[in-house]
Every structure is written in C-alpha cells, then in structure tokens.
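Below, each structure is written out as structure tokens.
Presented sequentially are two complexes of chain A, the first with chain B as partner and the second with chain C.
Presenting the complex of A and B:
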C-alpha cells in the first residue's frame, strides 16, 4: 500500500509540469462549465441531449476542418474554426431532435437516439475520409473520440475559459427567462415569452459547454460531465442558484481531481478517471445528502413501519381485549 | 363588456376531435364554470384560447383584442400536475414568477415585485410556507401556490384549470374566499370544475361542455337538470343522477 502511495506524484511536482498543469486546469474548466449548465438539461429531463450534442460535435469539427483545409486553405488546427463547426453541428442536432419530436409521433428519447446516431455516422465517415487523405494538420483527430487531456495547450485553455465564460454569462443574463421556462413551459408562454427563443439560448449555452470539452475528454464520455455533477448537486440543494453553483463546483473539482489522479498514478487515461471520480461524488451524494439520502430514507422508512406496526398491534389488542386474546399473529416479527 | 370570447373553435389531437365549433363568451365580472364529463375538452378549451394548443379553426379575443396585445391582463393557473414538484425552488420564488410577464425580457424582479408576491401569498394563506421547497407541500398547498402565482400577475381575467383537484378543506376554503374576493373586485374568472355539487357555490355562470357547448349562461339558465343530462349523456328516465338545486335561486349574486 505504501508503495502505491509512494509512487503517487505529490501536488508540488504535479503543478511544476506545464502539461500536467494544462490538463488539470483544462479539465477543471470543462467540468465547471458543463456542470453548471448541465443543471438545466437535468431539470428539463433531457440530460441525454448532451450525448446528442457531443456526438454531433464530431462531424461538426471534422467538417470545419475539411472546410478550413480544402476551401479556405487555412490551418486546420485553428481552434476557433473547429469550435464554430462543432457549435453549428451541435445546435443543428438539438434542433433536429426537437423538430422530430414536434412534427412526428416519435418521442424525445427516440428522436435523440436517431439524431445522435445520424450525426455520429456522418462524423465517422468524415473521419475515414480525412485519415485516408493527405490533409495537413490532420494529426490528433482521433482524440475527439476518446479524448486526450495531455494535448491541451495554453491556447486551448484560454479558448475554453473565454468561450465557457461567454456561455456562463449568457446563463446569468437570461437567468429569469431560462428558469421560468425550465420550471413551467406553459406558464412562460402564457406570460408572453417566446418559447423557441429561450430554448435556443439555453441549448446554445449547453452546446458551448460540451464543445469545449470534446477534444480533451472525448465525445463518448462527455455526457458524464453534463449529467453527473447536476445529479449529485441536486441531492444537497433546495434552490436553483445553489444547485447550479454546487454542480459547477463538483464538476470543476471532480474533473481536476480525476485529471490529477490519472497523471499521478500514471498510465491511466484522464477522461475515464474523471468520469469515475464524478461517479464517486454522485454515490457519496446519494448516500449522505440530508433529506434525500438513501440510507436515512431507508432507516426512516423502517422506523415508521415499526411504529405503525406497534400502533396496529396496540389497536388490535385494545379492540379484542374483552375476549381475552393477546397478540396479533406475526406481530413479533419486524 | 365581454372579457373573452372564442368563436368556431375546433381542436383535434391527431385526427381525434376534442372540441367542435365551440362558441364561448364570458362577460366581465362573471365567474364562469366550465363543467362537463372527463374527456369533454374542458382543459383543451382553455389551452386553445391561451395559445398553448393550436386549434384547427376558430379565433379567440380578450377584452376585444388578440391575446398578444393584452397578455398581462390574462392570468393562467394550470393543473397542479403540470409541473415537476421536485424542482429545486421555493414557494416564494414560484409566486414571484407571476410578476415575470410584466417585467419582460432581462429586467429582474425588484422590491415592488417582491411586495406583490408577498401580498399574493398572504391572500392565499401561504405566507408561512414562503421558504419551503415546493416538493414539501401538500396537494392543497400546491394549488394555493399556483393561485398565488396567478394573483401576483395581477390580471383582470383568470383561467383556472381544476383548482380544487386533490385538496384539503382548508385549502378549498382559502381558494373559495379568493374567488369571492376576485368577484367583488370586478375580476373575471373562468374555472374548469368537475364537482357538480359545488358549482353553485361560487359560479355565477356555467358552460356545460361535451366537445360542443351544451349550454352557456347564468347558472339558473345553463345549469339545469335537462342540460346536465344532455351534457353527461344520461337518459331522462335514469334515476340518481345529480339534480341541481335551483329552488333557492342562485346562491351567488349574478353580475348584471
């Protein structure tokens, strides 16, 4: 045991290394933004929309890459171009899923699954086209599938921070409208707020949160960054502002911690370890959070049932006492 | 003065018609009960008028204008089952949402809005619950939260969808007393209601609905045994069906 602990890298050595620092802060920013904004997808009961978005980011990013290299003849690794492509594709995918739900008899879960696989299929096709062709700067495109936190550069980090901040600012500016529609969509419409406008705003912020994470985390695991922190935060909080803040903190801390552990242990991929860390946060929250804890609720239920049983036995005894009978069959068991 | 009216309103879910050519109007100051059996299209009528369901045909007017011009004068209290009561928010915050319409985009609620919300909570007797998380409320308390939210909007015309569903006696009294106060203040109320026995307690007017309008008018004219049997498709000879008690005259004063 002490060998394992001894092999762990201390925080000092960790933060001295530029790559490690970038991995830590890069994933922490992704976790914070995705955690905070994921709260709204969670409360709309559309957490899986994040999976649709992350999968559609693949054709978006690769399409933008091809467009940049072949048509515009600029550097295909330009972050702004790639992010823009992913945002456009992600927004289209969300719009398509919602349109299919509105226009057909398909339910939202089927619509999301169809959209997800459609965009992902297109993305895999583009990936094959790119890897077969001689395009400059195509190295690292496979990172979008499973992610690679060790390739986060300072420019990437700055891009994540600025775009993520923009998404959080949108959330704060339109807080009132987004909250109103998330809680009671019909009421928001009757009060005169344009439903599609609010939805567009809300989903664009979620798209941004996901797009900044795909390269470092991978599109397959990105959903955990959007779903797990809000699920954990919900257990501890009673108001929406508290939930969003705590979800952001859990997302940021969990991601940073997961990145640190993956590097400190060595040879373990970052994305998966972050997902496991976030999951640990969720399990602790489900077990320990006051009021909603699985443990205290189960205990409370047992206690209430025991009290009820005692009352029933007492009532029954009081009722049949004149006949001299004593106990209810099976009353001794609990 | 007509508070709201709709003409030729038809709604279909997919191909199944729910409402057929409904003509409906409510004069200002009335408490109009919309009564009919399950599946009669009572909630759909309200939702179609408010633009929450798109009608096949028909138009609706509020105070002689289209809804988009007078939205702030029209309040809506949906069925309390229409939202997720596990949503992380407090009673006070939900009631405050009633003021969001008049604030419009971007403006945040200030002191005036908070005072309005506090008054609405006092009127419905939920001031003590202000800090509660909405999931901790009973059915009746939830209805009162929704009523307070509608009051906080300060509209002239209220649409209420089954406000007495699943509630305790105390909440029922609180809601009835608000209804009486609204009527005294000259407000108009359109209320979907399913309990025939209490219709005459607070409605001045009744619309009997079963996909089409069976009758519409003051209680003593529209809420008759004959119309009720028609609306509920009960034969004339069947015994034991509800008989409205019109012998004492209307229990609520009908606005002129």
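Presenting the complex of A and C:
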C-alpha cells in the first residue's frame, strides 16, 4: 500500500514538512486520546453524548474568546483559555442532558438532542457576533465547524499532548472506580462510591478528549473519533484494558493514516478522510475479527444448515424405507 | 405579501411540519437518529444537485431523503448484528456519510456552490427570498403569493398530516406496545422504515431553511416540551403543534429584533422554552408534594424557617 502512496509523496518528504508533521502528530494524538477514553462512553452505551459535547464546545470556545478579548483583554487565541471554555461548556451540556433524563420522563436521546441544539444554536449566535465585530485574532474561528488540521501549531500540539495525557492519567488513577461504575453501577453504589462524582469524572475526561480535537477535526466529525475506534476495538478484544489500549491504537493509527492520505492525495480535507479511514477499520473489524465476525458467523450458519439438512435427509430416508411409500409424515392422518 | 410576513409564515409552516412527526420520534426514542439523518442527507443533496441542478427540486429532496434513510437502515442493520453496544450504531454511519458529502463539496463535485457553513446553520431568510409570482391579467404588478419555499414546506406538512392520520393507530400501537402490535399483524418494520423515510424527507426539505442542526431543535424540542406537560397522546400532539407555531413566531421575531442569525436564534428560543417549562413543572410538582405532605401529616408551617424546611 505504501508503494502506491510513495508515488504520490514519500513518507520522508512528508515528515520533512513542518505543517504535515504537525497535522500527522496532532491528529494522531487526538485519535489516540479520543479512542481510549471513548471506550467508556461506548460501554456505558452513551456514545452519542460525544456528539453533544463536541457541539457544545463551540459556544464554550467562542464564549471564552469573547470573554478573553472583551473583558480580560488578553490574546483571544490563547489555547488554554479556549480549551477551558470548551471544557466548561461541554461539562455543562453533559450535566444538562443527564439532569433532564433524571428529572423527566424523557429518554436520554431526546435530552441529548435538545441540549445539542440549544448549545449549538447559542454557539452560532456567538459566531455571528464575533464575525460581525472587530475583534483581534478572530481569524480561524470558522475552523471549529469543519476543522482544519493544517493550522495545528507546535503550541497546539504541546497543549493537546499535555491535556490529553492529563485525561489519560485521570483514567488510569480512577480506573477501578470507573470500571466498577461502568459494569456494575448498583454494586458500585453499595460499596459507597459516589455515583455522580465518578460519572462527572468520567465524562470530564471524555470532554477533554473531544475538546482537544474540535479545532483540528471539526465539531461535526468529532463523534466519529469517539465512537468508531471503540466499536472496532471491541470486536477483537474481551477485556477492558485490552479494549482501551487497542481502541487508542486504532484511533491514533487511523487518524495519522487519514491525515497522511489527505495530504498525500492533496486537496482533500483531513477530518473527513480520517473519518472514512476509521470507518474502513470498523468495517474490516466487523468482517474479520475472529470468533464473532460477520464472515465467521455466516460460515457457521451455512455449516449448521448443511449439517441440519443432512440430518433431515437421513431421518426422512430412515422413515420412508420401511414403509416403502413416499407419503409425507403426517399426511396419512385424518 | 411582504417579505417579513412571508418569512414568518415559512418559519411557522416549517416548525409544524417538523414537530408533527417529532411527536413519534421523541416517543420512539429516535431523537438522535434525526441528528444523524440531518448530517447524512448532505451527500444526497450534492448528488441530487448534480442531477437536477436545482436545490429546490422535489426530486432532489426525495433523493437526499434516501441518503438519510441509509442512516436509519444502517443503524438497524448494525444493531441487529448484535456486535455493537448501545447507541454506537447511530454514531457510526452518519459521520462517514457526512464526510463523503464534505469531500464532494470541497472537490467542487458538480460545481455545487454550497456554503458548508450554511449547510449546518441554514438561512431562513435566504430560503424565503425566491417569491412565487403569478401573472394576473388586468393587474400591473404580478400577483405575489409569497416565498416558493413556503409551498414546499406546506406540501411536506400536508404529507405528514396525511401519513399520521392514515397510520395513527398503527404508529400508536407500535410505539407503546410493539409486541401487541406484532401479534395484531402490524408490520412494524415496514411501518418504521416508512415513518423514518418521512422524517428524512421532512429533514431534507427543512434543511434549506434551517440547516442540519436547527432541524433537530424543530423536530425534538416542541414534542419534548409538550411531553413534560401531558401524558395523553392527543393532548401531546395538540400542544406540540401549538408550541411549534408559537415558538417559530417568537423565535423568528426575537432573532429579527436582536439582528441575530435566524435559525440559530430559533433553536435557542426552543431550548429556552423547554428549560422554562421544565423548571415550571418541577416547581409545581414540588409544591404539590409539599402540600400533600402537610395534608397527610397535619402539620402546617408556622414560621418562615419551618416553611423553608417543609
């Protein structure tokens, strides 16, 4: 495969270019962190909360930008400020969706849909205000919608790595609590763990994973980074640690490969191509993973059909021969 | 017809056309599927535009709605394999389709000049710009019948009303008691596919005016708000239509007065209405519970402090 791509652009030339290097490593870090932490959202059967979080990152980021420029009068592009705003808004959105589900008879999907449209609508209002006003450093604000991997700077990369590492460390430190809460919530409560605190902690790590990706990948496609790698990894693994590790690897590799392809082919936006690469990983996993894949199952089904058919034929022959007639069983009864 | 009146009418018609099927979308717990459909119609719209060269063509709407149906059927297929947990199948298909759409748009496939920004947000005012005029004999200005888009949404509204009227009983049964519906011989799979195709058509038609994200607010928020207020389906449908219409007028004029983006303003307006109703119903329930507690225990708060504790 790399031979074909080599004709387009060799890996050597690719990694010599600063922008390409940043795009590759930046998206790989995003994919790795989102893939690993997305495993928990997947196992909690709330993968789509990631879509709510990524959409609510928009008002968070833009609100923080306005706050920084207008009130604090600092540089609006300060990565830490923007990330903090996005994390706060994302956490608020998760909290609102969970609260609506708890307080009403609405199901979580309706709560998510309302939260998503409310926060995203607010974000679009803020975006209109910012693009109409004369704010210093407002360039690149549009990138949050569809993402732009070619604007990842070294500072961005360092910020993603450090914040992403912090989220992963949180996950490892509270591994036991999060795992127990994921697989046996009642037991976890009986043992005295504070359910809501653990939930909040777990969702904050997911919020962080999403926030570091939104600018490079775009808020619409971020959901694929959180949902696809765990779904693919789950097909190959049976234990939680293996799933988290593999999911992180698939996310990181898929994102890097997608970024490489988009640049090597040229003119193709990075985020969408990464999503398609991850989707290809998923399809391969569904088809090929040993034991439970679609192909294994289809072969098992045909084998069982053949065995059953042979049995039926044998039974029927045994049934027919003594009587010497070909009447169907039960046909002679009245 | 003045432009403002025309745009307001479009907003109201669009809101009602979306909210009606939304009642069953919310009750069937398919709300986030609408989010998926809203994004997945993008490649359908691009391909449809390549064929028809007209963004308002009914054929384009039907074709793009098929792309939305891919999400529904893909979700059902992936769920049925049993290989994936929870709601993840819903989140797997639509980003891939949306990606294909974005790639087609950026590659300038079919020379489609879709502003990718407008895809997400839509522009009600722009959608209402093209006026339907009829040359009336004997009148110097042509007879102005309002925006063309108004009639597109009106047609969708009528189709939705007709479908719900025709399949009301079946939809109700499959929603609340799927097993009983199956024993009665209702083909729930076909009904669900047909219903979601209708939702997909509605989403595609509303896409022009509302964008991929506001569509979710239009479909989910009014029924969800109505569901907070009632347990009865007919009442819920009535309330939904009322909330959708009032919210459209309120949201549209609030956005107009504040000179804000129309569809985003409406989206936030619906969300805020939902939160206000939620807060009001919670407060009312808390008060009812407190007073019934007082009745049963016979205690009556005498001092403000006690009243606070009670």
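Simple rule for what comes next: the second predicted complex is superposed on the first by the 312 of 334 C-alpha atoms of A that agree within 3 Å, B and C clash if a C-alpha of one lies under 4 Å from a C-alpha of the other, contacts with A are read in each partner's own complex, and residues count from 1 in each chain.
Keep in mind that, in the parts below, contacts are C-beta pairs under 8 Å (C-beta built on N, C-alpha and C of every residue); 3 or more make two chains touch, one makes a residue touch a chain.
For clarity, every value in this text was computed on a predicted model and none was experimentally measured.
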Note to self: Is A:234 touching anything from chain B or chain C once the two structures are fitted on A? First, second, both or neither.
What the structure shows: both
Next item on the list: Identify the partner contact of A:245: answer first if only chain B is touched, second if only chain C is, both if each is, neither if none is.
Entry: neither
Next item on the list: Have a look at where A:43 lands relative to chain B and chain C in the superposition and call it first, second, both or neither.
Entry: both
Notebook entry, point to check: Of the two partner chains, chain B (first) and chain C (second), which one does A:269 touch, if any: first, second, both, or neither?
Noted result: second
Note to self: By residue count, which of the two partners contacts chain A more extensively, chain B or chain C?
What the structure shows: C
Notebook entry, point to check: Can A:286 be said to touch chain B (first), chain C (second), both, or neither?
Noted result: second
Margin query: Which partner chains sit in contact with A:189 here, chain B, chain C, both or neither? Use first/second/both/neither.
Written below: first
Next item on the list: Could you look at A:159 and tell me whether it touches chain B, chain C, both or neither (first, second, both, neither)?
Entry: neither
Note to self: For A:125 in the superposed arrangement: first (chain B), second (chain C), both or neither?
What the structure shows: second
Note to self: Output check: A:309 vs chain B and chain C. Expected answer is one of first, second, both, neither. What do you get?
What the structure shows: neither
Next item on the list: Starting from the residues of chain A touching chain B, keep only those that also touch chain C in the other complex, and list them.
Entry: 43, 45, 105, 234
Check: chain C touches which residues of chain A in the complex?
Finding: 42-48, 50-51, 55, 100, 103-107, 109-110, 112-118, 120-125, 127-128, 142, 145-146, 220-221, 223-224, 226-228, 230-231, 234-235, 267-269, 271-273, 275-276, 279, 282, 286, 292, 294
Check: Hey, which residues of chain B end up touching chain A in the complex?
Finding: 14, 47, 50-52, 68, 71-72, 74, 76, 78, 82-84, 87-90, 93-94, 97, 100-101, 103-106, 108-109, 133, 149, 153
Check: Touching chain A in the complex: which residues of chain C?
Finding: 26, 29-35, 39, 81, 83-88, 90-92, 95-96, 98-100, 102-103, 106-107, 116-117, 120-121, 213-214, 216-217, 219-221, 224, 227-228, 260-261, 263-268, 270-272, 274-275, 278, 281-282
Item checked: Touch list for chain A against partner chain B, complex -> 43, 45, 105, 173-174, 176-177, 179-180, 182-184, 186-193, 234, 237-240, 242-243
